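Structures follow.
Below, subunit A partners subunit B and then partners subunit C, in two separate complexes.
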Partner chain A sequence: MVSVDLLANAIVAGLLLGGFYAAVALGLAIVFGQLDIVNIAHPALIIAGAYTAYILNSRFGLDPVLVGVLAAPVFFLVGAGLYRVYYAAFERTGQESLSGLAFFFGIMFIIEVALILVYGVDYRLVQTGYLGETLNLGFVGLPYRMLVPFAVAVTLTVAVYVYLARTFTGRAIQAVAQDRLALQLMGVDPIRIKQWAFGLGIATAAVAGALLIMIGPVEPSVGRQYIGRAFAIVVLGGMGSISGMFVAALILGVIESVVATFYGPSWAPAVAFGVLLLTLALRPAGLFGR
Partner chain B sequence: MRAIQATNPDIVYVASYPPDSVGMVKAANEIGLKAKIFGGSMVGLQFAPIQKNLGPLLNNVINYDFWVPEPTLNFPGIDQFLKKYQEAAKGKGVDPLGHYLPPFSYAYLEVLGQAVQATKSLDHAKLAAYMHKTTFDTVVGKVKFAKNGEWAQSRALYVQFRDVKPDNLEQFAGPGRRIVLFPKEWKSGEIVYPYRQ
Partner chain C sequence: MRNLVSPFWVSAVVVLAAGLAFTELAANEYYFTAAYLILQALIMAVAWNILGGFTGYVNFGSAGFFAAGAYTSIALDKALGLPLPLLIVAGALVSGLIGLGVGYLTLRLRGVYFAIATLALAIVLETFVSNWTYVGGARGAFILTPENHLWFSSYVHMLFMLMLILAVASVAISRKLNFSRLGRGLAAIRDDEIAAECAGVPTLRLKLVSTTIMGAMMGVAGAPYPFFVTYVEPISAFNLFVAVNAIAMPMIGGTAHWLGPVVGALLVGSLQEIIKVNISSEINILLVGIMLVLFISLAPQGIVGLVQKHLRKRSA
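Take a look at the complex of A and B:
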């Protein structure tokens, strides 16, 4: 017989985990989901965000979330610059599919190797007062190291959702994903819009990295664990749908947590990706895809 | 961890690499794991930065280790070696205390060096034959190999974290924070039992 409190805690833990997954996949929902750019380096950029949080936390004692928010504009500029190179070298000449993918692979390796050369392969962590505490609501426990990343991830996702839905630039980003020519006819430069959108996607990596290092220790290549999961969430949610991505992240988190609790952690990714395949078989456009 | 707690275990033995080791120790404290013994073969809990980060969450955890600064393991040369290592490690981003693997890495070279000097040869067969029959004095104590090439006597320690204070790296530099429970030969204190009530 399934224990009610064990099930409730597994679901809550899964929701918290899913919230963190949403932060990881948010940038890809924009860059991959809306711009069709297979940025395989996104998790490596998240690790760069995690190291930024580690450096400023260990040197100045700054809260990782604050560091993530402060680093986001810098990451935005890096992303915008990265897109310019990508556009000039690959997209403009129609070589984005394979050469572009190799480009982002290269970026991923450069980030990892640079971090190894400077900081070594040891695991890095952050220190804050609240990370070891747990909020207990009845028999459900909410550890702050998961609760804070969840709250930040929800805030970030809602902010991006509102930005894309309500602002001119946000709508232009959605438009460039649907019909680039039509956007051009409206007098908007699609390349600048894509550059802005790419920068926005990379800016979220700064925050996601800060959340990652709050949850557990980080070393330069740990981002690879999230490549498959992050792309799967974007596809499951329906390419380009921010709300779909968020729901997909929560679903994946809950499935992983419940399966890990009742059947063992080894089964968790297998069942989660099985659900992804089943969903795509029934709804090829994803949960919220058009 | 909640699923483990639900089985009401006496002993929770964890075999894990650093990210999971940190996660398991944090989760055990978050849910208030009640077990008589909690620990095992968790890689990562030997690294000074992780010890500093986890702090009091480590108290009473029993885990494997290779060398700790307990009086029973104060072999000739170890203090000088660690002093030199810790000076060299500054600003390099590596483990600042170097208790876990560096002493044994140095001891490997001591074994090789002593074998080369004694045989006055670099011939592998001669070196191997000498290493098989000799007991070596190193910074990790006497080293003796069995016929199969493994240690004649297991050297893995089981240590228990004790009286660990928050956010303090220096406390791990001296004795009293990782008490040796096993092997008996180097035992430096009694077990605190159970882990949590």
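Take a look at the complex of A and C:
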């Protein structure tokens, strides 16, 4: 007999976790979903964001969410620069499928090893007043260390959704994926748009990283667990769709949380892979794909 | 018959004879440990290149295939106490089947899905092994080195010679593939999959064959590993470094030719041993990542490709 309390708590915790996963997958939904660039270094950049939050929090006591927002423009520039290199070396010469993938793999590896060299493999965490507290609603507990990241992630996702749907640049980003030539005929440079979009995707990694280190302690190799998760969410959500991505993130969060509650947390990393493989085998277009 | 006296087989025999002489002459155990690691990386690089270089599909989960071989060894050694040659065959079977399974699920789709699936595969296998207490779980497993080491003066000497034979065999397979009808089919897939399909190349079947061979070879590289290190735990067996080396070595050596991963593995592998001893192992790991990124950005054809281009220019 499954306890109702336990199940309700697992589902609520899963929804909160899923909201956070949306922030993790958001950048990838833009970069991989819209631009078709397989940036497997994205989770590593999220870890870099988490360490930025850790450094500024432990030195100056800044709030991690604030650090995430402050670091976003810097990450934007890093992303734009990264796309420049990627474009010049691989996309222009049509070698993105093999060399381009290996390039991002190399970047991921460099970030991880560089962080280990400087900070070691110890777990790092941030300290803020509200993180230890819990909001109790009946028999369901909502810890602030999950609730705050959830709220920030939802805000970020909605902001990006509105940006892509309503603004000129946002629509141009969606157009790059659909019809490059038509975009050029409208007088827009597709390379500049892609560079802008790639920067935007990487900027979300700064915020996602800050949220990651609020939820729990972080060490450099944690990022690898998020590769399967982030790609599973983007594929399940139907590649380019931000709203589909959000629903997929919630689904994955709930499944993982229920598995962790009833079978033990050490099985949770395997869930994302199962979801990914099932999606690819049964419905590669994703839940909300075209 | 003509093939038997080709320069390749002559050099293969010379290499094996030199290896045998080396076990009789060299006294310092360190050389055998270092050579074992280089040969292990060489087999991994050659295996990666069969899919990556010949067929054009990226495998990020090399560490998963390697560890599957290693853990098959541990499980069967504990359960049945099989001799090492049988464990190697078993490792090849298990990793080959994993390759076939992942390939079957994802290779019908776009190549990137296969790449992502292999990456996730390594993580899932690690989760599985960490929860599998029979092979030690997250705590790891100790392996007793067998007493018997044939006529060699120590077990490491024997393992070194075994690895040398396996490495020569895998290079021979890779070379054979490169020039065979199958290899030409794989090259056609790499250059233009749709055109290949239209020309009647059974693309899915060929891709599955090359994924299976790749997986099996990586399993072979992993199977003797527990006896080499005598203590295996998931984090070291699934080390990302194994996966990075498997990609970096062929990319640096050159992916289109069978010689590429061999050159890359010998060069990068030796360099790594030198840096590890003289500077530090962390710097060594960082350096591989930087070399990988620099080579694929600036010299995507690798060392063998550069040499080929140079030779062609001179003859023209």
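Structural remarks
FYI, the second predicted complex is superposed on the first by the 269 of 290 C-alpha atoms of A that agree within 3 Å, B and C clash if a C-alpha of one lies under 4 Å from a C-alpha of the other, contacts with A are read in each partner's own complex, and residues count from 1 in each chain.
Here, a contact is a pair of C-beta atoms (placed from the backbone, for glycine too) under 8 Å apart; a residue touches a chain by one contact, two chains touch by 3 or more.
If you're wondering where the values come from, they're calculated on a predicted model, not measured in any experiment.
When the two structures are aligned on the shared chain, A:Q184 is found in touch with neither subunit B nor subunit C.
By the touch criterion defined above, A:L6 lies against subunit B but remains apart from subunit C after alignment on the C-alpha atoms of chain A.
Using the contact criterion defined above for the overlaid structures, shared-chain residue A:T169 touches neither subunit B nor subunit C, since it reaches no partner.
By the touch criterion defined above, A:P217 reaches subunit B but does not reach subunit C. Legend: residue contacts after superposition of the two complexes on their common chain; A:Y123 is shown touching subunit B, with no touch to subunit C.
Residue by residue along subunit A, subunit B and subunit C are tallied for touches, and C comes out ahead.
Look at A:S243: by the touch rule set out above, it reaches neither subunit B nor subunit C. Overlap of the subunit B and subunit C interfaces on subunit A comprises no residues.
Residue ranges of subunit A in contact with subunit C, taken from their complex: 38, 40, 85, 89-90, 95, 97-99, 101-103, 105-107, 109-110, 112-114, 116-117, 221, 224-225, 227-228, 231-232, 235, 264, 266-267, 269-270, 272-274, 276-277, 280-281, 284. Within the complex formed with subunit A, the residues of subunit B that make contact are 2-3, 6, 18-19, 22-23, 26-27, 29-31, 44, 47, 49-50, 53, 57, 92-95, 167. Put simply, subunit A touches subunit B in their complex at residues 3, 6, 9-10, 13, 118-120, 122-127, 132, 134, 141, 143, 145, 216-217, 219, 222, 260-262. Those residues of subunit C that touch subunit A in the shared complex are 52, 56, 58, 60, 105-106, 109, 111-113, 115-117, 119-121, 123-124, 126-128, 130-131, 138, 240, 244, 247-248, 251, 255, 282-283, 285-286, 288-290, 292-293, 296-298, 300.
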